[in-house]
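Below: one structure in structure tokens.
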Amino acid sequence: MTKTGEDKDVTIHIDEALCKRCGFCIEYCNKKVYEADKDGMPLVKNPEECTNCRLCELRCPDFAIRVEVVNNE
Amino acid sequence: MSRPKGVQLMEGNHACAWGAIDAGARFYAGYPITPSSEIAEVCARELPGYGGTYIQMEDEIGSMAAIVGASLSGKKSFTATSGPGFSLMQENLGVGIYQEAPCVLVDIQRVGPATGLATQPAQADVMQARWGTHGDHPIIALSPASVQEMYYLTIRAFNLAERFRSPVILLGDQVVGQTYENIALPDPDSLEIMDRKKPIVPPEEYLPYQYDEEDLVPPMAAYGDKHILHASSTCHCETGYSNFKYGTNRQLLTRLKNKIYNYIDEIIDVEYFGPEDADVTLISFGSSSRVCKYAVGLAEKEGIKVNLLRLISIWPFPDREVQQALARTGAAVVAEMNQGQLIGEVNRVNTTNTPVHLASGIDGELIRPEIIMTSIREAVK
Amino acid sequence: MAKSWQIVLAGEGGQGLILAGRILSEAAIMDGNNVSLTSSYGIAARGGYSEAQVVISEQEVYYPKCASPDLVLALTQQAYDRYAENVSDDCLIIYDSKDVSNTKGKNEAGFDFKEALLTLGNLKVINSLFLGVILKNRDIVSRESMIESLKKNLPPKIQDINLKAFSYGLDQ
Amino acid sequence: MAVKLSYREYFKEEALPLMWCAGCGNGILLRAITDALADLEIPPHQVVVSTGIGCWGKADDYMKTHGFHGSHGRALAFGTGIKLGNPDLHVLALMGDGDALAIGGNHFIHAARRNIDITAIISNNFTYGMTGGQYSPTTPLSYKTTTSPVGVAEPAFDVCGLAEECGANYVARSTVYHVTQLKRFIAAAIQKKGFTVVEAINTCPTHFGRRNIPGDSVEMMEYVKNLSVPKSRYEKMDEEEKAKHLVTGELVNKDRPDFLSVYREINSVESESGRGEGK
Amino acid sequence: MSRPKGVQLMEGNHACAWGAIDAGARFYAGYPITPSSEIAEVCARELPGYGGTYIQMEDEIGSMAAIVGASLSGKKSFTATSGPGFSLMQENLGVGIYQEAPCVLVDIQRVGPATGLATQPAQADVMQARWGTHGDHPIIALSPASVQEMYYLTIRAFNLAERFRSPVILLGDQVVGQTYENIALPDPDSLEIMDRKKPIVPPEEYLPYQYDEEDLVPPMAAYGDKHILHASSTCHCETGYSNFKYGTNRQLLTRLKNKIYNYIDEIIDVEYFGPEDADVTLISFGSSSRVCKYAVGLAEKEGIKVNLLRLISIWPFPDREVQQALARTGAAVVAEMNQGQLIGEVNRVNTTNTPVHLASGIDGELIRPEIIMTSIREAVK
Amino acid sequence: MAVKLSYREYFKEEALPLMWCAGCGNGILLRAITDALADLEIPPHQVVVSTGIGCWGKADDYMKTHGFHGSHGRALAFGTGIKLGNPDLHVLALMGDGDALAIGGNHFIHAARRNIDITAIISNNFTYGMTGGQYSPTTPLSYKTTTSPVGVAEPAFDVCGLAEECGANYVARSTVYHVTQLKRFIAAAIQKKGFTVVEAINTCPTHFGRRNIPGDSVEMMEYVKNLSVPKSRYEKMDEEEKAKHLVTGELVNKDRPDFLSVYREINSVESESGRGEGK
Amino acid sequence: MAKSWQIVLAGEGGQGLILAGRILSEAAIMDGNNVSLTSSYGIAARGGYSEAQVVISEQEVYYPKCASPDLVLALTQQAYDRYAENVSDDCLIIYDSKDVSNTKGKNEAGFDFKEALLTLGNLKVINSLFLGVILKNRDIVSRESMIESLKKNLPPKIQDINLKAFSYGLDQ
Amino acid sequence: MTKTGEDKDVTIHIDEALCKRCGFCIEYCNKKVYEADKDGMPLVKNPEECTNCRLCELRCPDFAIRVEVVNNE
């Protein structure tokens, strides 16, 4: 149920079961990381652009996004 | 939206609002609460078209206060709420009773206490409707069982309010409030509408609480009339002004009670359903009573003869009718959506010591026929 | 006994179940019947379980709920499970064959609503579609009344596509 | 023949003597109100006084206009229904500080926000007089009352500031010492459409005075007199001095449309455009 | 002022406040109202010295809310009011019942409805105490008849509140509240004081509404404890979080009722006065019951043998005790300062059809002995 | 070992999915609160959330701190008892605009006046979401709701202005769009002693949005975003422009002593001077 | 029957009737009795009718009001009229001979309180004065207890003048 | 029951039954028209000073004073 866009040091998890297709993440990512599928579900299309600002996670009203830094440990 | 014409599918709460409008209500004050809010919504939309006013108050205390105020300004006024709001309205309901302000309070019952189950039906405000405000007071309450009755009993509630110069409670529940049924609103001109008695004496002679001996109800001026109206929440005499003399309180409380209890036959309204001779009599009201009618059929299939006494008016309690029903049949079942409220009243008048069983629906849904059947079976055991 | 129907439309929020209940109910009224329509939904404002119950009768309707449904429409597994075990054998269950996988298999009909909707090219007409499917299976109301009711309850600009969906359901 | 009306047209002389204590300013305020009504020549039957419960809430017993004596704190809520039930009426809500700002605070701020056409006349005696002198939301910090025997721990509301913040059209403060000013403000408030507030700083020698002001009724009146300062002087004070005084004068005077005007306008636009077909 | 020592002349309201303090109350929230305000005044003066807090809320709604909140923070808390305030407290009283927050609500009754006679006694909130809040709920209420009892029953009210995790109502009236009588406060150490059960499981295992089967009462953590306490006014399961599953509501309402009604013997408290065999049994409570004792003597002089069943606890209603009393004597008089409230309950359990007369004191003063005597004479006719 | 806490210490993940509608900002606000608590490293058992009744009032269902879910409009009144019952607690009152300002308006102004040490976090979605979208005291004038089908006739409260007027120590406004600012304000409010208010302008696409904003959740969020302007920009606006916007930022930040400090001080002075002999 | 007293102190607000009731009650308690003290006053905050009723008994006091007073002090005509007609013949009425003019004349004693107060040079000691007069007429409580109670209930600086007034009443 | 201080064109009536002896009239008459008797009751001592400002009437909380202009008709 989790879509992962993996690149550089950031992983973005989207919990499809939690996502209610509000479109906030898609609209408000400055880096246009997301795109909507035909159902309105966000797909991680440009993970390489992600700056790990985590605003999408904080703005997701349904706790459906997790932005994780992987290589930073 | 204009007044619905012809046979309609209509929600009970909408039927209530149209009943009020057809009864002449031109003022609604309320505070939204599930499952009653549709009444407010219809009023907000429709009243301006009738020259009336909708106001959403800051809370239910203010709502009850506003309808009492508007009543004294000469308007037919009402409010609608559910349990938590009903609790908050109690203090000013008492003011309305004491000042004899005709108005209607609709309580669409849901599961309580507290927030409980906000969207689910119950009938657990029955005793609160009678005793919720402090101090001695009578009250009139009606209990509709269908969308049809939400309309007609709302009109009746206004009529009784005007006739008795008293707040009247329409005690619905989530089922009758939010069920959609077919209904045809009658021609408004065909309805019998009552209006409060106006003073016939000249302004100088008018005493706002001087009552007619014939019915104990004082003719009622409106604010703005030359007949000066003084209404007080404090013990008062015929002038309406405070009066603390020995005897005034007894006189006032006694009249307030008698003006209703002496004319109880104008209020009491019951329905008898099923065979006259039965093994068990069901006693019920509101949406539960429909399920009782259904259960009468089920019981028949099981070979048990059951009839139903449905209380359409529940306060004042129809002592005589219940007593007779208890005496006639050897066993009774009270079906209600609570842990046992009306059953206390039934037992109060149960001078025949008829065994009375409780069918108690507290599952946050319309009481299931099976619950009533279980009690019926117990009763004939 | 008088003719009567108890119909349950069950699924989740957003599937237009309650509007469908309304359309069905009004059609029944046009046919001259008495009707009770009740609906219930979970506390979740969107999504979550939702259902409409319609009781249609020539007589006065006493119990406004479906004590023993004659037909259940189940658009989700949850909806199916809620009823499958409890309904009588005479009750027809129409279920969404895509969403409902565990079925008991007796007196029931699966229907692929999603596919039909894709064929129709509009995901929002599901309620008109299933009303068609229901009428195809059981003559609850007259088709004329149903069409009139659909027209009455839907905004003009989406009437055509809904009527199309209704006919589509009716023809399957 | 335009005979000037007297306060006696509104004041119920036969109810004298007043129930209030010696030195209680309620009678002065009552006189100012009835004088103002007489000046404005409003027929008594076009006036409704909606009173709260409290010493000041007994004022309706002495009025010959229409009267409503409701429950504690709800004079404005009842008044809202009275006004909307008959928009031609002049509705005066007579409230104590407890009525208006303790239990009734919510109605107060909402009436001001809505700008409902009611005149609130608040007797601020810094205490719940009727119930024996407990502290109220206007009791000055650290003053003694029966429920703050060593001093109240809550700062007081600025009644007029609150009314202004919430949107009242007219807000004025005077005292029972400044009787002609008081009457003038009351008359102005009644004439103004929308929600209007006159706060009358009042004496309560029996309770507030007894515990806080050595001396008698006159000392209590002196306190009221010295507490209040006109705007011109107040503005020149430093913060510390300001905190010890209450500014008097007309503090707000504007003409926002009142609730009913807005309500009617909004709803008529609509019915013109075809809705609200009901007769 | 320090704690009064030795035999004292003390007002009932003061005795109540001292009872609360001795029971361990450390939080009072209230809004002044005649004839209860002296309770607030003593608390304002005394609580700080005991490390407690007095707060005067903006109204009675807030007062009731605050004592429920403080209760969950671990404090014994209470409020006092009279009719109008009692009406306003009903909604949040229901929250306290539903969340099982031990606390005490003192209602010093005066004449109602509405403002009525603010300084005069009545007993017309009896039924309101039982049914005033919406929805199904049980309640415990005690009724003191003297200054002594204002002290001891206040302590008992707190003990019952803690024992049953429930709000308890002390239903006084203006007479017991404002009469001065001689009383000696006992050594506080000699008192039996009950405290709520605390959880014994480790924090991770704690479920705030998981109840002990033995008494149906859930052990109670306090806010600030590591045991997380979640209290809800919405239908909830053992976790305290909302739960809307079928069955949860029935289970919760049933337990709330049973936790009290199954242990009713720990609550019921009555006094028998006068000869065992009598011509008439008086049934009364609170200050009226004192007048009944007086009337027993008067009747004796007239040659009528009268005894008295005094209800010290009035809710839950002592069905059995009243039933027995009715069965034992052939005639009964219910004496109360209202238009007939308790008499309804008496008749509810009157399976022996014993004639029950009402002695109704609604003159805004302590019921006069003569009113009771008249009813006694009627009863023996 | 000082491991930085995560919002998961406060957030009840097992309660997911949230009951709120798609595009409802309540979840964003919840995240901001739990993040703020984590930043402040306040142990969950030292926190009580007191919620009202409404969509936002359901927030306690998703919190692992102590929780109180009371009656509509009373979160602050229950919270006052909770706080005074155990002054060591951090009490957060989570209220909708209806909770805080309609039915609960009186508790709001009195809590601010008293300066009781509670943090009020208000989700202002301009409507009663839970009951189906009726107008609230923050619905902007002339906007449509189910009970104002042609537009509401009452002007809206300025929530922050009211809090300031009544004496709150800290007042800030942000939106669910400005998530990092929102969290910052919440953290500051929790840290500050006395009554503190954070107004979070929120989305309600289902009700407020549906009737007033053509489009979907994103359009509703755009509305919220565009409605709000930072202080610096706001101050440069003319009155007409101001009326169409809501200023965001920290609007009040002061240090009046809170209620309990004053209460204790006043009462201790007294007991030193010999009264209050009770142990 | 056990010894008991029912005393009514009636007049108007400001005459210290309730304080006097308290002083009398506390003296009775010192003597080892049970006591009930109730007071009532009109709605008028100042002036207007006011009274205190004291019931003193060796037994438990059931009825805390004076059903059949043994002694009535009437400081105003209104107070006198309220009781004169209703009390039994055994009841002694002590009235203010200046204020009360219409008296029935049986088992009663007039006393010029005003004059006595002028002699004493203080108008505020009226309650101590009438307590003295009462004790002179009826031995309701011991004089020692009364003096102790007076001391307990009065601020030190006015004790002397009050004790003097009490003695004065006692000596008349 | 009414004390009258008559002089020039002004008559001052004081209703002794209504007067509660608060002392306001005595204290606040700028012209020192009143004096207190030993009971606190205001006596009209200097009626000739009265300017007919009527403030004493308006400030009397008990409606006990009536200042009347007699010769002005």
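Residue numbering begins at 1 within each chain, and the chains themselves are lettered A, B, C, D, E, F, G and H in the order written.
Just so it is clear, a contact is a pair of C-beta atoms (placed from the backbone, for glycine too) under 8 Å apart; a residue touches a chain by one contact, two chains touch by 3 or more.
Since the structure is predicted, the reported quantities are computational estimates derived from the model, not experimental observations.
Shared contact partners of subunit A and subunit G are absent; no chain touches both.
Taking B-F and A-F together, the chain pair joined by more C-beta contacts is A-F. Between subunit D and subunit E the centroid-to-centroid distance comes to 39 Å (mean Cα coordinates, whole Å). Here the spacing of subunit D and subunit H, counted between their Cα centres, is 28 Å.
In whole angstrom, the spacing between the mean C-alpha positions of subunit C and subunit H is 88. If each chain is reduced to the centroid of its CA atoms, subunit A and subunit C end up 38 Å from each other.
Residue positions 45, 58-59, 61, 84, 91, 95, 114-115, 232-234, 242, 244 of subunit E each touch two or more of the other chains. Those residues of subunit G in touch with two or more other chains are numbered 43, 46-47. Subunit D has residues 17, 20-22, 24, 53, 58, 69, 71, 103, 105-106, 110, 137, 148-149, 263, 267, 270, 275 in contact with two or more other chains. Within the complex formed with subunit D, the subunit F residues making contact are 102-103, 105-106, 109-110, 113-115, 137, 141-142, 148-158, 161-162, 165-167, 256, 259, 262-263, 265-267, 269-270, 275.
Residues 1-3, 21, 27, 29, 45-46, 48-50, 53, 55, 57-59, 61-62, 65-75, 77, 91-92, 95, 203, 222-234, 240-242 of subunit E are the ones that touch subunit F when the two sit in their complex.
Those residues of subunit B whose C-beta lies close enough to touch subunit F in the complex are 31-34, 37, 40-41, 44-45, 54, 56, 58-60, 84, 114-115.
Those residues of subunit G lying in contact with subunit E across their complex are 22, 25-26, 29, 33-41, 43, 61-65, 67. For subunit B in complex with subunit C, the residues that touch the partner chain are 7-9, 119, 175, 178-182, 287, 290-291, 293-294, 297, 365-366, 368-369.
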